[in-house]
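In what follows, structures are represented as structure tokens.
Below are two complexes that have chain A in common, paired first with chain B and then with chain C.
On to the complex of A and B.
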């Protein structure tokens, strides 16, 4: 590696062209590979080499049996040593296959690896035109000429070592954020964990049982919540939000705002304050299934255990201040901002349950339809700490429902709502809850109205089967409406059983809507602060759906869990672990290596229109104080999208300059201008 | 080629150079896969490597046509799978505008096209190439080559 150590501190030298100063005349060596019979069997390699030798600046043109073999590579090395070749063209296989072999060879001889041009005459020519040998040779000539033309103006590209800040930020302390933060801390990386709510644990703590094994989620997550809260390397900030993010991969500067709890850390969580608080509001953590006070702890096992005051609900009667045995309550606390430097950011902001009020025919949340609830509310009812004592009771009259109807795909797979995606977990948790309810009340009818039952994966089909066995009824059809019988005041679910094509009117004492997972509230502002792209559904967009579903659109910012798309807990944990590993890599190594294949801006031509900034997906172009764009070398991904956007051609990607591409295009297009 | 549509030899003779800009990721990948699978296509197809189809602007397209290319195409990743986030969509919009321009200038809008391909499937690249040739052959039959109109 020819990395210039002295350039390490030179990170901020923006706009400076990183090209070697030598203006030497290009001396091009062309090497045509036979690749056994793979190329030579179709293409007349001798003719290609002969033609190449007639091209300007070509000092050596040769053909050899196997260029990738040791003698082949030696040919290249000898030409560099003996003839002063400073740009090499190898016409052989694809860049992916042996490009590295040749760039390594010229690097060993002291040339920059970007001075090598690979011409693919095997995959793009000889292998696909085996029956047309003449035309294939003709094409190979053109391709080699294009390669030589392109090589002529190739410039050195520097590889720079950029030191990274050994610390990470994790946004969101749900299961994904906790997993990532813990994994990072175990690697010895200091972690700042920022959570919007007053407690950590997220949605998982709200659940009753986790599928498919019907385990207690609270018990599964508590080692992690305790581990994170007590880890010496994890700095936990609850009630905090991201205010500003600056910098790029390896070196971010993050500003957070911490809202006051109005309760100091010496709180012993004795609960005296809450017991005497006169204000009661629905508990958010309990999905509105119970009440909390204005000074409260979300749930008894909450971490941090400190109580928190809801300033909006508080009537400032000062009862809690007077009653607190350790004088921990202080209403004069102010919000504080904190700034820290981190190298990687993991976004684990999770999801929200879809609010079905939008779907008018289901009357969710409307007067007289209290018995239409969501799955999360049912989970809360079933949970061991619930107000109903783990019983399923109708919210309207507190009776045990005789018939329960669950409606699948509420808010997902629904074009009217605008969510085309399948959440993927609703079938699983609906089946799980249906089974639990049916086992609790064998006399009750439990029906699931589904479009398709989607239970892929190990153990899930078994869960589906077991629910069928205990007597859960499955009806294929999406209910059109939930009606209230005007006489009996009972709910009726209107659905067509599409398998038997019979319209049904199901009597329902309790209707449970399996609401979709949607992007969390406030993800828009957070995304714009982080400069990451979002998918059309609103989740944060991953770098590549198959090859890197954890990296966001911006280098150094990783996604963990449901923020990238709906996931169940197992998938979330795996995703979060991957995010931690990827985020840790540059921090453990201490530096990132970056090829400075970046655009340069000719400020004499620049008209300061800012178009390059609008097309730049990784947000690597900043607008300076005088309105002119500045390329952030570290954030740049070398895609070159800014080039055609520029109306004056002022911004040009190194080694992909307009005139370099023109040279290549002239050769492949047949050469010779048609219109003059 | 002949499986899809028969192209007369006199039309095929007029198709000499087709400049195809292929992105570094799925575009090049699919052409490599096609090569490995020995899927034959028209030798007039000439591939130029670019970082992303979003890098190909009107300058490059016009340069190619001006220098003797019979048609130009951009082959990028599938929509939503661009390795640089949305370069293929940018390119698609650009090619749409170029097509309008060509129509206004009185040329066929089939001289410039945008395609997508998948690195794992060589068929996608070969399908794109066949479509380029087919569309170009139709355009030549109807209106002649771009060189005739120049």
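On to the complex of A and C.
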């Protein structure tokens, strides 16, 4: 017996097993697409179709110019109606491209959509072997045969409708969280908005102006903060953190812990308490550029306007309790926990400004280097509510700096600190601030040291040019060091102008570091509570960088704004709006459709080792009380990672069973890979 | 376990040939501090970390490993007074301890030149680190008999601290180990511009391109001259040589008039511990021949050696 005959025999015997089990004789239709010249220009499609017609169970095999066209799809439908085809194989492009087109077609004809097998002869054959027509055709023959083998045993998979909870959780109330929460509420969905800090608004409220139009960020964001705070469908919890998240897409149960403000809601925000508080600590909201009291409101427009007591800083002198005209202050308040049920979760946890302390040559934060600050601190100095009355003053002596040097890419594009990525926002805010400062102090020198100026998109190159026009100086070079001259006590920025190859020592009265955007503190624990994956940079990982940058790695949990990666405000708002739309869809519809393409566990074979749980990225496998794994049908993403992990083969994914894959491999390998 | 309070003294090349006073000073202080100093017979050049490694890294490791083996046979940690020797020996020692593949390769080649096998039983120490951390400013206070009231421009050099992930001593961007130690000897350290950059000698620059070496050095001296120290304090004979001959060169060729004494940390410490000024050997150096430390006695009445 030749190898070929032996192979066919094998297939037959394997095929018969299923037939007897299913009592459903496979009738396979094979359709080979020309895709214009894309496929037919290289692969001999007629030969492929002819070969397919000789394969067992194939009752129809033909080739056609465009299978995705209406007449092409009609061919499939006709074969089902006329010939009783009950499994289809289309050899064309990828499953992602047109798989949906063909599964929809067979579904219309009453077949379960999982009975379709897509074979990719375009990317796998014609495109990669354009100069080897014969080999490309041979490969197509094998792939089509493998597809037929695979189709033979395909089983129906049920699609189940699961009712969803019509409510959403939004984590983080910066610009991203506010936008998402407001958009969801406008769609009629009740929203729980949870913010870690005592006020909402996030980093945007700290800024002086937004690029490229130099608008006032408070003016832009306050309609939204007010809108969210007063929206009947939004329940806002500040000073609150996520404690636990259970459940999956469509139905989550969330537990949060709310830390006490120690000030009751009848606070009139009169400020008497803070005025008499004897304790002063650096203000977090002001990025350390001013002091706040132990009882405080972060900033004048803060929402909620209720004051808050910093228990760690407080010396419990009780002055505030006695002075409060409405007796709103109560030191006995306790943390409380709340649970609620939601259908979707949006994570809008934002970012932190990179702390440049670890870059030692810049001496940031060291004694004697008080005049090395970050852009956020400069924003705070410039802002209308600043301690310096919106003037730029050197922190060391309060004088107006005559020379200001800005350093780009501090913590970005830097392998030494482990951040390869470009934050993509720093060039824009540095140019914006440089222009503002230069316009305020035309006699001062303002210099930006950059590696590359990255200002793509509408309006940003114009911003760059406008800064050049007012006299901001740009030097291409990454400074190696900021030195304090031991004699004159002045700061010197050591940099090579790489365009003229000149080493420079720039005198600097004030050095401003354009620090990167990095994942926010505490994202690790939050990520693990949500069971979502993180990128190597530490941000939360999106489902697909191009086609779905908003969904997280787990169904039902969406990402909004900088938590997915550095973004400016416009990008954040767009991203957050998209997150709201995606999160709302299953809640508005009322149910989710879930294909039950999920693994089954043979508990006789299972040794309870738990390996399947460790590899399950969406955390869809739980361990029961007796140690056996249980598959969460809703959370499962049908990725199949658990199958190879299982040492005993106890866990098997429907339609990806070992014998089904073996059938496929036999055809591709020419039968040589069979090992019994 | 290696012998306690014992060092195999690795002399290197420059010190015994040009500055024997540094060798004498080092032996003086280490013995006074209660260490036994062993001679490393048949020790060779370290070999220099810049030049040799750049040409052939494996043979560089083999030659260094041979020196390490001599100390292993003496069962004592190596003591060096030179940044270059420290750079090579410390790095090769650490690398061969961690990298089995290279250890086997080096041992294969060592067999060809005699009874040597790298075992990785010892550590390599620099005198600045022994004084700065092991004795420490707190410990030296008890054994010095005089202090010096002077301002010193401290030059760390390169290989003592860099690369920090291999040396694991202290950050190379803002070190304080020597400042803190010499403060106990009465010395005030004066900061100068670009203090932590190279003297211009290392990496083969001095031998290969003297002009480039002097350009770097001239900048260095300009920065030091701005702060007018009493002397330059270094921890490496090669830097020492550069500061000595470099000042001389600048005086003769570039219309300079420098005369800053150049003093190694061992010389300074030995003086404070009682060694006579004449043995410090400034009179045999090119610069600051007439410089007098002018120490003032502290606490103890002890006869100078």
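The rule is simple: the second predicted complex is superposed on the first by the 517 of 676 C-alpha atoms of A that agree within 3 Å, B and C clash if a C-alpha of one lies under 4 Å from a C-alpha of the other, contacts with A are read in each partner's own complex, and residues count from 1 in each chain.
By our rule, a contact is a pair of C-beta atoms (placed from the backbone, for glycine too) under 8 Å apart; a residue touches a chain by one contact, two chains touch by 3 or more.
These numbers were taken from a predicted model, which means no experiment stands behind them.
Participant: Contact-wise, after the overlay, does A:486 reach chain B, chain C, both or neither (first, second, both, neither)?
Facilitator: Touch partner of A:486: chain C, not chain B.
Participant: Of the two partner chains, chain B (first) and chain C (second), which one does A:361 touch, if any: first, second, both, or neither?
Facilitator: Touch partner of A:361: chain C, not chain B.
Participant: Figure out whether A:549 sits in contact with chain B (first) or chain C (second), or with both, or with neither.
Facilitator: A:549 sits against neither chain B nor chain C.
Participant: Does chain A have more residues touched by chain B or by chain C?
Facilitator: Partner with more touched residues of chain A: B.
Participant: I'd like to know which partner A:538 touches here: chain B for first, chain C for second, both or neither.
Facilitator: Neither: A:538 stays clear of chain B and chain C.
Participant: Just to be sure I read the superposition right, which of the two partners does A:457 touch: chain B = first, chain C = second, or both, or neither?
Facilitator: neither
Participant: Taking the two structures together, which residues of chain A meet both chain B and chain C?
Facilitator: none
Participant: State the interface residues of chain C toward chain A in the complex, per the touch definition above.
Facilitator: Touch list, chain C to chain A: 171, 173-174, 190-194, 226-227.
Participant: Across the complex, what residues on chain A touch chain B?
Facilitator: Touching chain B: residues 94-96, 120, 122-125, 127-132, 135-136, 138-139, 142-143, 146, 533, 541, 543-546, 553, 615, 617-618, 637-641, 643-645, 649, 653, 656, 658, 661-662, 664-666, 668-675 of chain A.
Participant: Once bound in the complex, which stretches of chain B touch chain A?
Facilitator: 16-17, 19, 28-29, 31-32, 34-36, 38-41, 43, 46-52, 54-60, 63-69, 80-81, 83-87, 90, 94, 147, 150
Participant: Which of the residues in chain A come into contact with chain C in the complex?
Facilitator: Within the complex, chain A touches chain C at residues 360-361, 363, 366, 483, 485-487, 492, 494.
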